[in-house]
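Below: a set of structures, written as structure tokens.
Next come two complexes built around chain A: one with chain B, the other with chain C.
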Partner chain A sequence: MGAGHAHWLHRDHDSPVHRLAPEVKITAAVLCTVAVVLTPREAFGAFAAYLVLIGAVAGLARVGPGWLIRRSAIELPFVLFAVVLPFTGHGPRTQVLGVALSVEGLYAGWNILVKGTLGVLVSLLLAATTTPRELIVGLDRLRCPQILVQIATFMLRYLQVLVDEARRMRVARLARGYDPRFLWQVRAFAAGIGALFLRAFERGERVYLAMLSRGYTGRLPEGRAPKASKTQWTAGLSVVAATAVIAVVS
Partner chain B sequence: MNNDVVAMHISNGIIDAPVSGIFAAIAASAIAVCVLRARADLDDRLAPMAGLVAAFIFAVQMLNFPVLPGVSGHLLGGALAAILVGPWVGALCVTVVLVVQALVFADGGLTALGLNVTNMAVIGTAAGYLLVVALLRARVPLVGAAFVASVVSVVVASQGFVLQYALGGGGGLSIGAVASLMAGPHLLIGIGEGLITAVTVSAVAKARPDLVYALRTRRQRQQQEELVSA
Partner chain C sequence: MTALEVAGLHFSYPDGRQALRGVDLTLAEGERVALLGPNGAGKTTLVLHLNGILHGGAGRVIVDGLAVRPRDRVALTELRRRVGIVFQDPDDQLFLPTVAEDVAFGPANLGLRGEELAARVDEALAAVGMSEHRDRVPHHLSFGQRRRVAVATVLAMRPSLLVLDEPSSNLDPASRRELAEILEGLAVTTLMVTHDLPYALQLCPRAVVLDEGRVVADGPTAELLADADLLARHRLELPFGFAFSRPLP
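Right, the complex of A and B next:
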């Protein structure tokens, strides 16, 4: 069950991976994840090799292992699911430390654990080295439909506004003697949400009309991030190639 | 704000590769249809509205409400988006939220994106919208319709995972067990979602009824009926 997305994952420093164009990073991340998922679950060596590869990219990006491990806790519900499977699975059983566990369940649990973890590490590296704005630019250059890019652009622009507005409203409630506890907060929370939406929409409408009157045509001007060069594509795809080689050799 | 960030979207490796691929294709074609239909809906005002609905869903997901002791849930937003901006743009809003969550927050596997989009953006939004339209037609007030549609849309979306697990999940859990495992917590999440949706929609309908897509079509229908009877 979800907790919030209160933290931006982007690590704000410079590195060769940070400088790579976003479209290259998105492509590489997706293809690497596909290769990991396609790897047969018995290929233990391949998964170790992926981990080494991810470690190398993380080193190049100067993203520390401690940060990666802490952030990969996002995966915990699925780890729990994976841990349950050996106990509930059917088929032949094996003795592990005196407990009879389903072989099929152990493999299924391992499969979820290792592919989930490697996938999260790849996504974390992508998020750590690319700002949200760059990610949208990358999607745009990868020919993502314009409507989706537009919605995503507006979404990121209004997100911080909404969060700040919500915080102001919460502080205002607290200042009026509001005591948030369990179910009691549902009412105030719900009433606040309706007001939040209207306040944000009316602000958004004004900003949009102002943008239209200044010549907005549905595309934002390209930011600083330069388009990917051949060298950048080569660098990004070499990581994909390494992953593919591991997947095929396994 | 809460510090434990935990995923609720399907991660890599839960569902096998062929089924993930099939659902990626299903999600992609559903989105292609939505993009085509949304162009007709997306007038001047709907563009920022869609961005804001997406941002709103995103922001409200940051606030958790307690479901069970130790378990908290957050909004999925399919029904809310469908009521406010219509089913086509609504599905696109939820899709954008899911894609950005996968890329920016590592929530939901990149190869599971098709599964997540199918469940929450396509099934959730479609179920929510169809139900709201049916209830409004049966003269149920908007608040009640929004509440019921949200609860049902969340539970129906969670059952999308059951279908996917039946087709390509490992570990041999029985389908009945997975179905009840998914339905229970999601019913509670759905009630929270229903309350938020009902309150938001009724606040918007009170202050700016022109912004509510579900009401707009009903109003247009009434105008047509008046024209016909006149």
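Right, the complex of A and C next:
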């Protein structure tokens, strides 16, 4: 148990971006995403420019394109949706390789695809360079309402608890000759999920009691993440400024 | 001076199960007392009353002159500083990414910052011999090491009453002995819940037996352990090959 291994989104190494205070990164990520979303969908050049900017930040953070692409898989359902739109859209049609596609549908699909992808990339970069705990500290410093910060803290906690319990139970099942290749053994898996939630909940409860016993009052201590300096804000906001310039020019 | 006073304590869980049925227990300052009893006797339930986590039944708990009043937030904070509980399972206690951060969690909640906080962490880790592991991920440590870190997380709060729930369980013999040496070196009132009777004898001059939510025996550990009838009545058993004779008066 404990923290650490559940964070498959985090790239654990040092870089100028990793060192940036979490509140700066969160602000920059949110503002950049807003700029991307507000960009007109016909501004193809602007989207290319955003991609270059994201690439530059990723390079600075030493997060490789392969890693980003693999993690972007969470976006797949939206991609499928975007691909369907040109076939189902109404209005004028255009011929692409002999297939009549809806112009409006094409634009709508492109809009979802490009903004979704850029948004996912920005979030992935944030996650790759910021530990979940730093994220929570950042939200707290940004005066995010206490209740939201607490929910985030506990989601994090329970997620780890869940991953840990799942691993233990899987090992215990395997040890008793369970071979998940066979479809009929899916029942053990389904029963396992139920037990998993119950156990994770009970353990989460005990962890919470242990936290209370050590004087927890709803605020996590800040740990070692230092507060953002002026220079850090300047660095973070310069990326936002670049995004804003692209958005306005387009 | 009385370090802990529990009087007439009752408690039922929300599902109706009555776990405590009038517990009376007094600890003098600096005393080390073993709390014995079979599974389900109510030991953990009693422990969770000592810092106000469980409450709501009849009776009272007073720590160092401070009454446990669950609705008084300020008193509750002070109470949680005074009473340090090491939980049965170290995995319930450790949840932060590094050992040092986890040890700092308690004192930071008490308002310590900077140098002072760092000093507390160093001191607590040194006390349990885990200083060189300060930057490691807790769940990568061995069970015995995690138990020691769990003790450190509580020592860092400088409690006046240390409560340990089965500290020797799952430890190999060497870790068990090392933990005993650590506990023996601490000058703090200690209540130690345990099923490990030789351990109780080694560390605690006095023992209390809890069964079915009541204190059924209280006296010098050596005398209680020599009373075969008492042990049998309350499902307490010495490990194979052990026997204590009643000390001569």
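Just so we're on the same page, the second predicted complex is superposed on the first by the 193 of 250 C-alpha atoms of A that agree within 3 Å, B and C clash if a C-alpha of one lies under 4 Å from a C-alpha of the other, contacts with A are read in each partner's own complex, and residues count from 1 in each chain.
Convention: a residue touches a chain if its C-beta (ideal position, glycine included) is under 8 Å from a C-beta of that chain, and two chains touch if they have at least 3 such contacts.
Since the model is a prediction, treat every value here as computed from it, not as a measurement.
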Which holds for A:Gly116: it touches chain B only (first), chain C only (second), both, or neither?
first
Of the two partners chain B and chain C, indicate the one touching more residues belonging to chain A.
B
Determine, under the contact definition given at the top, whether A:Ile246 touches first (chain B), second (chain C), both, or neither.
neither
For A:Pro145, decide between first (touching chain B), second (touching chain C), both and neither.
first
Between chain B and chain C, whom does A:Val17 touch in the aligned arrangement: first, second, both, or neither?
neither
Chain B versus chain C as contact partner of A:Val34, first or second or both or neither
first
Using the superposition on chain A described above, determine whether A:Arg214 touches chain B (first), chain C (second), both, or neither.
second
From the superposed pair, tell me which chain A residues show up as contacts to chain B and also as contacts to chain C.
1-5, 157, 207, 212
Residues of chain A that touch chain C when the two form their complex
1-5, 131, 133, 157, 160, 164, 203, 206-207, 209-217, 221, 223-224
For a test of understanding, state which residues of chain C touch chain A in their complex under the given definition.
48, 51, 53, 77, 80-81, 83-85, 87, 89, 91-97, 101, 104-106, 108-110, 137-140, 153-154, 157
Please name which positions on chain B make contact with chain A in the complex.
1-8, 11-14, 17, 20, 31-32, 35, 38-39, 42, 44-45, 47-52, 54-56, 58-67, 71-74, 89, 92-93, 95-97, 99-107, 109-111, 170-173, 177, 185, 189, 195-196, 199-200, 202-204, 207-208, 211
Where on chain A is chain B touching in the complex?
1-10, 26, 29-30, 33-34, 36-38, 71-78, 81, 85, 88-91, 102, 104-105, 107-109, 111-116, 118-120, 122-124, 126-127, 130, 132, 135, 139, 145, 147-148, 150-159, 161-163, 166, 182-183, 186, 189-191, 193-198, 200-201, 204-205, 207-208, 212, 218
